[in-house]
Structures are given as C-alpha cells and as structure tokens.
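Shared between the two complexes below is chain A, which pairs with chain B and chain C, respectively.
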Partner chain A sequence: MTTKPAPATTSTTAPVSPNRRRGSAKGGSRRHGEGLAGYVFLSPWLLGLMAITAFPMLFSLYLSFTNYDILSSWEFVEWVGFENYWDLFVNDQTFRHSVQVTLIFAFVAVPLKLAAALGVALLLNRETRGVGLFRSLFYLPSLLGGSVALALIWRAMFSGDGAFNDFLGLFGITGQPWVNDPDWALETLMVLAIWQFGAPMVIFLAGLKQVPTELYEAASVDGAGKIRQFFNVTLPMLSPVIFFNLVLETINGFQGFTAAFVISNGTGGPVDSTMLYTLYLYTKGFTEFQMGYASALAWVFLIAIGLITVLFFSTGRFWVHYSDGDND
Partner chain B sequence: MHPATSPTANTPATRAHRTPFGRRRLLRGVAATAVVPLVLGVAACGDEASSDPDAPVTIEFFWWGGESRAELTEQALDLYEEKNPNVTINPTWQAFTGYYDKLATISAGGNAPDIFQIDDNGLAEYAGRNVTLDLTPFVESGDIDLSNHPESLTQYGQIDGKQVAVAAGENTPALVYDKTKITELGLPEPETGWTYDEFIAWGAQVTEAAGGDYWGAMDPSSDYKALWLWLRSQGKEFYDGPQLAFTEADLTEWFQFWLDAREAGATPPADVVHEAVGGGVSDQLVVTGKGATSFMWSNQLSELGKSTESELGMVAYPGDPKGQWARASLYWAGSRSTEHPEVVADVIDFLANDPEAAQILGVDRGLPSNIDNRETVQAGLDDPYMTATVEFENALIPQMGPAPAPPPQGHGPLRSTLTTVAESVTYGQASPADAAAEFFRQAEATLE
Partner chain C sequence: MATEAAPMSTADGSGSAARRRAAGGTARGVARVAVLVAILVVVLYPLIWVLGSSLKSPTEVASNLSVIPRDPTWANYPDGWNYLSNISFGRFFWNSTVISMATVVANAVSCLLAAYAFARLRFRARRFWFAIMIGTLLLPSHVLIVPQYIMFNSFGWIDTPLPLIVPKLLATEAFFVFLMVQFMRGIPRELDDAAKIDGCSPFGVFRYVIVPLARPALVTTAIFSFIWTWNDFLTQLIYLPSVESYTVPIGLRLFIDSTGQTSLGPMFAMSVLSLLPVFLFFLAFQKMLVQGINTSGLKG
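Presenting the complex of A and B:
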C-alpha cells in the first residue's frame, strides 16, 4: 500500500527543496513569514491536537494520581501518589481477570481475522465476472464497524432461542445459550470480530496487486507449484502489508468495547466472562465513579499497547521484507 | 496528501501576492469569529442570573423511562408552564440503560440538569458528593410541602439529616405471575405471605404440570432487592450505615436455597435467568413466556401487562410482608449548581403535591407521594392493571415494616458484585460458600 505512492511523492517534492533554499537565501524575514503562515494554516489541526488530544491525555495522567470521582467538586480532589497503580497491580483481581480476557480475545481473534482476510483476498484477487460485487459484499460487515445495532443483532442471534440455534436445530444439533453462557460468550464476541475482516481484506487485495507477475512467471519456470509460489513469493512480497495489518488489528483488538458492552448490557457478564479491559475501565470510571483509578487503568493500557507495538516493530526486521530495501 | 501539498509548497510567494486577504486581515477575522460567540455566551449568562421573579427562567429537566411516562411527564410540565408563564422547562428523557452514565458525565462537566429523576441506587452517590441541592430549607419554609407525605417516604429521601430528594411515588417489590397459565394448569395462584419454601414447592409443581414448556418460579439470587426483603422478613437488614448488616453465613444460605430450588425443578437454568435479570421489561419471564413468575416492582405491572397477551396477577415477594417498606420508587432531585433553586423547589413541590399534576401522572411512578391525592388518582384510573397496583399497595401498607436508610455510597458496584458472584453459583463455577466469601472480600474494598 505504502510502496506505490512513495516514488511519486519523492519525485514531486524533489524540486521543492532547492526552491525553498533559494527563497531563504534571498531574505530571512520572508522565510520567517512563511513559517508563520504555515502555522496559521496548521492551526486548526494544531489547536485540535492540543485541545482534544494532548491536553486531555496529560490531564488524565494527572488524574491517575488522584482520587477524582467525577461528581465531587475540585476542592475534594486529592493527590494520592501511586496508590491507584499500587491497588491495580497488587489488590485488584478483576483487573487481572480483565487483562486475561483481553489477551485471549486479541490473540485468538486477530490472527484468525487476518487469516480470513488473506484467504478471501486471495480468492478475490482475480478478474472474473462479479468479483467486484463479492469484494463489496465481503467488505460490508466491516463498514458496520463497532455499531451498536450490529451488536444487538448478534445478541439476538446468539441467545438461547436465537436464530443460530434454530439453524443448528435443522441439523439436529442442540445449541448453546452462547452469549448467555460464560463458557461461550467471549467466543461469540470473537466470531463477531473475525466476521468483520473486510478492512484488512481490502488492504491485502491492494498488496496482492503490487506483487510483480514476473516473480510468479520466474517461479513457475523454476518449477514451483501454486503452494510453493504462495509461500516463497506471495507471503514475502506481502509481508509489509501483513505487518501493517497485524499492528493495526492488534491495537483495534485490544480496544474492542462496543460489542462487549452491548451484548453484556454493560456488565461484562455472565460472570465477568466478557469483561474486556476497556469495559472494566469504563465501569470503574462511569458507574463506580472512580475516575482517578480509571485514568490509571487507561495509562497502564496505553503503555502496554505501546510495548506490544514496539515488540512487533523489533521482530519485524526478521520477517518483513521491504522491496526497496533489497536495492540498497 | 503528498500530491496536494506539493503544488502549494511550490508557489507560496506568488499566492500571497495574489490573494485579496492579507495575513493580518485574515488573523483579525479569525480573532473576531472566535470572540463573538464568547461575548454572546457571557451576555446570555448575565441574562439568566437576573433576580427579577418574573424574568424568564429556563429549567433543564431529565428523567428515564418509556414513552408513556414521557407523555405523562411532559403533560404535567406543560401544565406547570401554563401556570408559570415565565418558566420554560426543557424536558429530556431516555431509556434507563445509559441514563446514569449520561447523568454522571454531564454532572462532571458542571452542566447537571436543574431537576433530575434518581432512585435509591444512585441517591447516596450523588448526595454524598454534593451534586444534589439541599432541599431542607425549602421543606422547612413550606415551599416544598411534605406534610401529607407518609413519614417513612420522606425519611427515605434524607441523607445525613438533609432532605436531598422528594419521592416521586411509592412502590414496593412485587411478584408478578401469569394468571392465564396458572389457571390453565388448574393450580392455585400464589398468595402474599407465603413462605419461600411454599413458593418453591408451588414453583416445582407448576414446572412439572407445564411439562417442560416453562418454569414455575424465577431465581432472584442475583437480585439485591429480593435478598434485601428476604433478610428483612427474618428481622435482619442489608445495610447498617455504610456497612453490610448481614453475614457471610446468611449469604451462603441464600445461594444454597436457590441452588436447591433449581434442583427441585422450580427455577430455570442459569442462562434463562441471566437473560431476564440483565434485560428490560420485555426480557422478563412472564413476558417471554419462559416462566410463570417474575420478581419486579409493583408499578411495572401495567407495562408488563402491555407486553404480553396473558393476564397477569401480583402478590408480595414470599416471606413475611413486614420486610416491605414504603419505598420511594423514584425521586426528584435538584442540582446544587442550579441558578434558580426557588424555581426548582417550586417545580418539585408542584409535581409532588398538585392534585391536577397527580391526576396527569397517575401511578406511572407508583402511588402518588401525597396521600390526599391517592384516592382521586385511583378513581381516575382507566387501566385495570394500574388499579390493581394501587389496590396491591394499599393492602400492603398496614403490614409494612419501618423504612431503612437509603443504600449507602458503593451500593451500585455492590449490586454488580452480587450479580457476578450469584451467577458464579448458578453457572456452577463456585460453591455458595466460596461465592459468599468472594462477595464479602469485594464488599470490604467497595464500602471502605
């Protein structure tokens, strides 16, 4: 995805730099003025970043060291140091449980979702009749994204007397109460997440179209079959796209909230089986009024996701092959 | 993005000469557009703070409920506006799901609605954190007249000696049953005053007679109000101030009792119970037809009745009725940050006492709080289920026990904890004793 536009940009931006340099040589004040104009044009975004992202983030960092409870006025907010973080790691069993649930959710749902996306992308990567229609149809579920309506439908379909059990009944299979069973509720959420594989599928499709056909020709001349071609040509050529999808979907997976919230009526039940980390955070902040504690949860979460992403990037050099890197 | 930025980067100098807007002019324009709403905003604030009694006043008013409640409430508020032309009331309402989340969020932003509906699950949380307006001075001055409200109902709106809210109605927990189904089976209908053992024996009988189509009883082991009444009917209590008033042994017995009830065939399996407990009116067993009984509130009978074709009946929860008390179904509370405390008090007094308002509101939020209004309201009811609600309440009042204090801060999270540990028993993940121990372990942290 990123490989194609890259050469185009370098070619258009290349003349700019000498141009700019010439400008600065003529007069420093003018360059200064241009800088100001730049900031003025940047300001809507910059102000947005400050007011909507940076300030609330830093503020929540501050709150995580306090006992802020949303409702009390500010004079009652006390600095409690690392107490929230201490409680979290030492005393909070629900925290540990929610970490476990979230890890299981992300590490099962994300690989399966990517596998489904890649599989369907391979099937749709050919110019046959109606392929455009199929691409749209497979993409459709992910358009619905984290929608509440979809979660409601999921809950109705996978309840004890829902449509899915009726369907199983046609084959004489007695179903489960799925979303109302602590052993199956999380799995039901995973299936919902996997079903929405459209977004990574589209990116995989774009990536597959980038793979030069000469490589396949060369491979088949060398006697490689379809499977061999997949593992020795497609996968390595696709690895940057796989990496991109993996990082993005993992982060998304950890942040799953809507479906768990809607399907469990905001409780994380039955018996905390769908208590995803974000849902626990929300419960602490908005229904138990422990916003300081919830802020601490949010920062631990941020750092954990950051670390996992760093981990991905550090392992990436062992298995991600950038084609332009080969030229060096 | 890149292609879009590169041409502009190529020609910034020429662009600046050509454009009719100088940089300064542009900045001045930006500044002006930013300042104008600011000034208007300040002006608007100044307007509202005026102390002239006839000056126009706007009150934000927020509650939860269904459509019929919205219709009635808006009619009553319209009547108030008619009588007080300078007051405009902005009503906002929504379903219960998400109500408290929204109330907490807007309160945190300092925009708490001037008047809002609240129940005993949230009262201590909000009053204890000084979100609510102290109504005591208005009660003392007679601006809010509580002289015709039952004493215990008034007390149930007091926290730390302050009147923090006024009851919008009176209700009690009530066991709703499917009369049509029971009659079809030829079995006796449940009665107020049954013991829990009698109730379970009856439930098992119903399940058996129904031949697997539905269950006779419901399992309320995860429902705090059922546990509370069960404790009170034995002379015990749920809370003693900010502490739990019952023991781990009590809770173990409670979980064990319902486990045995399920084994006796009286109550449905865990997933059916879970669906009903976590759901709304339309998910209750008497509505879905999966059961013959539901543990509800007395003022919900009419709404339940509209959702099913069966005829419904209503009795008290099993156990000694002295466990019941005159409970405020819902309250009206004011916001401490309101700019018009007198108007807030006046609207609350109107809703709680005005005979015409009472006539409009009916028994949607339970019996009218003002005793004088009860007979006229009852006479004006055309919904047989609402009449049944009033008759049920009236019959129960002489048998009631004294009102406890409203639940303390931390009650909300504790309810969720009770649900989770109770379900760990019903789903077979924990023994009653382990679940009870877990509840007390978590309660200690919540109520500290």
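Presenting the complex of A and C:
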C-alpha cells in the first residue's frame, strides 16, 4: 500500500499509553465524540431528508385530499376527502389509459432492452480484440439517450420523411409517419429505450466475468453443449445480476418522461398513445394546475411502484440463485 | 442446478475444453466480430445521421438521403445559435454550464460528508438512517415535484437556479451517497486506526485519509452529476419559465413547435452542440477514472 496519510501525524495529542487509550474508547468519552461527529457529518443529509423529501411527501399526501390549485390563495382550499382518488379510479379515462400505456411501455421495452444487453454482453465476453472500445461505444447511447436532443433526433428520424423511412425505401417499403401514428408512436419510444441497452450491458459483462470457468469446463465434460451451458450455467450464475438490472430498469421504465414529452410536444398524443404516467402527472399539475389531483396521482404512483418492487423481491426468491452457500 | 456440476471440475477436463474452443475458433471469432460491428453500425447510426444532417443545406436535407452531405455547410450552426431573434443559444449554454457545475460541486461535497458518516462513524440510529437512505434511492422523483414546486414557489425561488442547486447541497442524490459508502467500505480500516493512533479526530480521519482516498468515487460522482444535470429536462422545465433563464434542453424545446424544412437544419446543429459536452466527458471518462485510481494510492 502506497498510501499517504502522512500529514495526519502533524496533529497534536499527548502520548497516551495503549491501555488507557483502549479504556477511554470503551468508556464512552471517545465514542460519544464519534457519535457527535456522526451527526455533524450527517446533518446536511438529515436536513435534506426532512426539508426536501419527508416534508414534501407528507404535504403532497395532504394536498391529495384537497382541491388545491396554485392560482387561488390558501383560503379557498377545500378538504375534499377521497374525492380525487374516487375520480381517478372511477371517472378518469385518461388515467386508466396512461396506466395502460405505462405498463405496456415498461413490460415490453425493459425485457427487450435487457435481452439486447445480455446478448451483446455474451458476444463481448470472449477474448476479442477491442472489447474495451466496443463496450465504450455501446455504452454511449445510455449517456446521451435521456436528453431532449436525442428525443428531437428520434422524432425527426421516425417522421414521415425521416431516415427510418428512407431506409425502408431501400427495400421498396413505403413507411409512414411513425411518431404521428397512434398505433406506432409508443413503439418509437420503446425503440429509443432499447437503443440505450449499454448501461445494463456493462453490468452484465461484469457479472459474466464472475462466473468461474471451471463450471463451463465441468459442464462440457458432462457433455453439455453451448446452449445447455447457457441455460444451466450462465443464466443461474447471472441471475442476481439479471434481477438487479430488471428491478432498476423497470423502475426507471415507469419514469420515462423526456422522450414522451418531446415526441408528443407535451400532449401525450397522438390520441394519448404516448401519455406515460409521469407525463399525465405533469399535465394535471403544471398545465391544468390541479395540484391536489396531481398529488393524488403521485401517491398512487408511489404505492404502485412500492408494490411492484415488493412483488419483484418476493418472486426473486424462486429464481435468483445466490452462490454464497456453495455445494449444496 | 448449476452448482451440481461444480465438484466435477478436474484437471483433465480443462484440456479437452480448451482444444474444442481452439478448433473452429477463428471462423466463429470472425463471425462474432462481424455481428458486433453490424450492431455497432445500427447503434451509432442516429448519431452519425444527425451529424451529417446538421451539415446539410435546407434543400439538401430534403433531397439527399445519404448520411454524408454532398455540399457540407456550417450555416445551420449560426442559424441555430441565433434562432431566437432576441437571445442566443450562448445564453442557454451558459445557464446550463452554471447549473451543472454548481450541481457537481454540491453533490460531491454533501454526499461525501453523508457517506463518511454512514461508512465509518458509529452513532445512534445509524442503521435506521441508512435504511431510510436506501429507501429514498427507490423513491421516484416525480412524486415530489408538486409539493416541492409549491414550496420553492413560496420562497420566491422560481426562475432562479436555487430549486435546482439547493437540494443537491443537502445530499438528496441518494445514489451518490450509496456509491461513496460502497467505495469507502473498500478503504482499509487500518488506515483510519493508524490516523487515530496518531491523534486524529473523526474530522482528521476524514480530512487526511478518506478525502484523498475517495477521489475515484468523487470523480465518478462528478461525471455523472454533470451528465445527468446537463440532460435533465423536467425540473428545469418547471423551475425556469422565462427565456433568459432557459437551459439548453429547454431552449431545444423551442424547435418542437417549428415545422418545415428550414428549421430542421438549425435544430440538428443545436442538438449536436448540446450533445457535445456529454460526448467529451465520455471520451475523458475512462482516462480520468484510471488516473483517479492511480493517484489515490489504492493501486498498492
């Protein structure tokens, strides 16, 4: 170790015998000092937790039972009980539609994205020259993909006279304005999400490196071909990483906003086909200023994401394979 | 199921596997690289396409289907830069840079402080707070935008960068706290003990042991803070309503409304410019990380 905590020696303390030092550390005065230091270091985070996270959360819970809109003053705020929630679940067609769109988006785009990530990771896992370069370039879309610029580019590419239709034209296929077609607009958003497969791919690659080669050797001695090796060695050994990626990407998938906003010009159109949940929340809160209603939307969202996370973790037990307790 | 095979691995098994891998390895290797190159072309195509399109004249954007412009022109760049008559994109780039850099510093400092407390110090209810921190990792930010907006609005902070920066000063980006905690757990505790024996207080250990050694984690935090803030759209859209305070993503949004071929070129040009800083960070990314690891003394 070539570390250099050398300047530390400059601070001054009276030399203490080892015994006394240990005694004082146990006896509380020192530990008390560390406890105080702990809260000193933690104080910005604690303040942030209270002021920026916890208080707004409770505030939003309160708002969800009111008819608050930011335009009129607080005197006109009325407690409406469960009316917002009732409206949501019973009367609001757009809410139901946006839930549907969001679920389709997350549960189609995320598995395809992870499949692409795993496929490319498997191709890169062999000793190929330039693995590092390939890995970096595949990762690039994950850094750029969330931006407004990329969404604008996507919109132009999948418009009527965009590059995608030019490509189809090479095969004699006449395309259509994909982003303006209610049947295809969500699919273009999915393609944009899948295009960003690089981030989970990098995590898969790190996971693949952890699989002991002895397992493959043993499997091939037993006569297992490449495909059986994949299903009986690679997949089980990789299942914790798959699980991690699945949870992370699904939760992210529910929160897509930028691309849907840009491609539909903030409307969620055509015909609400790209009305992702977060876009609907934004519309209610910041273009219609129904902030009480938007808060109810936010709490439904929070509870839904919580439930889905719990669901993942409870089903994970049945297929996620942890090799810690080996040789059972 | 996989572990059943584990005890079977023996020395003579590896030889045949290696032989099998070598046979037919080259043909398969070439095929694999070909597939990878094909995927890479598809993946990079949108970026190459926008770069090419940004260099085409309005007539060529409509007529020339090739990626490479027949008659390259820079005209789209000044056109896009001055797309609005009264304010240039330079202002938007300046605003984005200020907010991104402030976020980088705020995240790095505040998350480092919190992470040190979680990773190294013993205090009451540490586990409880740590569990809460992990919980906020999964908390969708959209849940908080309405109440936060009302709060910052009552402070009179709308149309200032404060709602974007002040929360970062309070370590609200739990992802970076977690990342730094994980990193600090890898720093040998013997170094802390040595510093303590030399008389360091918890503050001294932080100053002389943790801060210098946590540099790679700080670099990672800085890079991701910058890129995420630079790309961020929703919060900037809400908190920066007037044109003078627009950032690059909000400025780019102006191109949505405009239709017709004449504004396509400037839109592509400004899109390319807005992606450029992220791309440059990407190019420097690995180099900086390696550097961070080398200079921190972790290499051993």
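Quick notes
Just so we're on the same page, the second predicted complex is superposed on the first by the 292 of 328 C-alpha atoms of A that agree within 3 Å, B and C clash if a C-alpha of one lies under 4 Å from a C-alpha of the other, contacts with A are read in each partner's own complex, and residues count from 1 in each chain.
By definition in this document, a contact is a pair of C-beta atoms (placed from the backbone, for glycine too) under 8 Å apart; a residue touches a chain by one contact, two chains touch by 3 or more.
Everything numeric here is computed off the predicted structure, so don't read it as measured data.
In the superposition on chain A, A:P182 makes contact with chain B only, not with chain C. When the two structures are aligned on the shared chain, A:N67 is found in touch with neither chain B nor chain C. Contact with chain B, but none with chain C, is seen for A:T267 once the two complexes are overlaid on the shared chain. Once the two complexes are overlaid on the shared chain, A:L281 sits against chain C while remaining clear of chain B.
Taking chain B and chain C in turn and counting the residues of chain A each one touches, the greater count comes from C.
When the two complexes are overlaid on their common chain A, residue A:P141 makes contact with chain C while staying clear of chain B. Where the contact sets of chain A with chain B and with chain C meet, they give residues 5, 8-9, 12-13, 33-34, 36-37, 70, 265-266, 286, 291. Remark: chain A residues 5, 8-9, 12-13, 15-16, 19-20, 23, 30, 33-34, 36-37, 40, 69-73, 76, 91, 159-160, 177, 180-182, 264-267, 269-272, 283, 286-289, 291 touch chain B in the complex.
Those residues of chain A whose C-beta lies close enough to touch chain C in the complex are 1-5, 7-9, 11-13, 21, 31, 33-39, 41-42, 44-49, 51-53, 55-57, 59-60, 63, 70, 120, 123-124, 126, 128, 134, 136-141, 143-144, 146-150, 152-157, 161, 163, 166, 169, 195, 212, 214-222, 232-233, 236-237, 251, 254-255, 257-258, 261-262, 265-266, 278, 281-282, 285-286, 291, 294-295, 298-299, 301-302, 305, 309, 321, 323, 326-328. By the touch rule above, chain C contacts chain A in their complex via residues 1-3, 5-10, 13-14, 16-17, 20, 29, 32-33, 35-36, 39-40, 43-47, 49-50, 53, 62, 65, 110, 113-114, 116-118, 121-124, 126, 129, 132-133, 136, 138-151, 153, 167, 169-172, 177, 188, 191, 194-195, 197-206, 208-209, 212-213, 227, 230-231, 233-234, 238, 248-250, 252-253, 255-257, 264, 267-268, 270-272, 274-275, 278-279, 281-282, 286, 297-300. Chain B meets chain A in the complex at residues 2-3, 6, 9-10, 12-13, 16, 23, 26-27, 97, 100-101, 104-105, 107-108, 125-126, 129-131, 270-272, 274-275, 278-279, 412-413, 416, 419-420, 423-424, 427, 429, 445.
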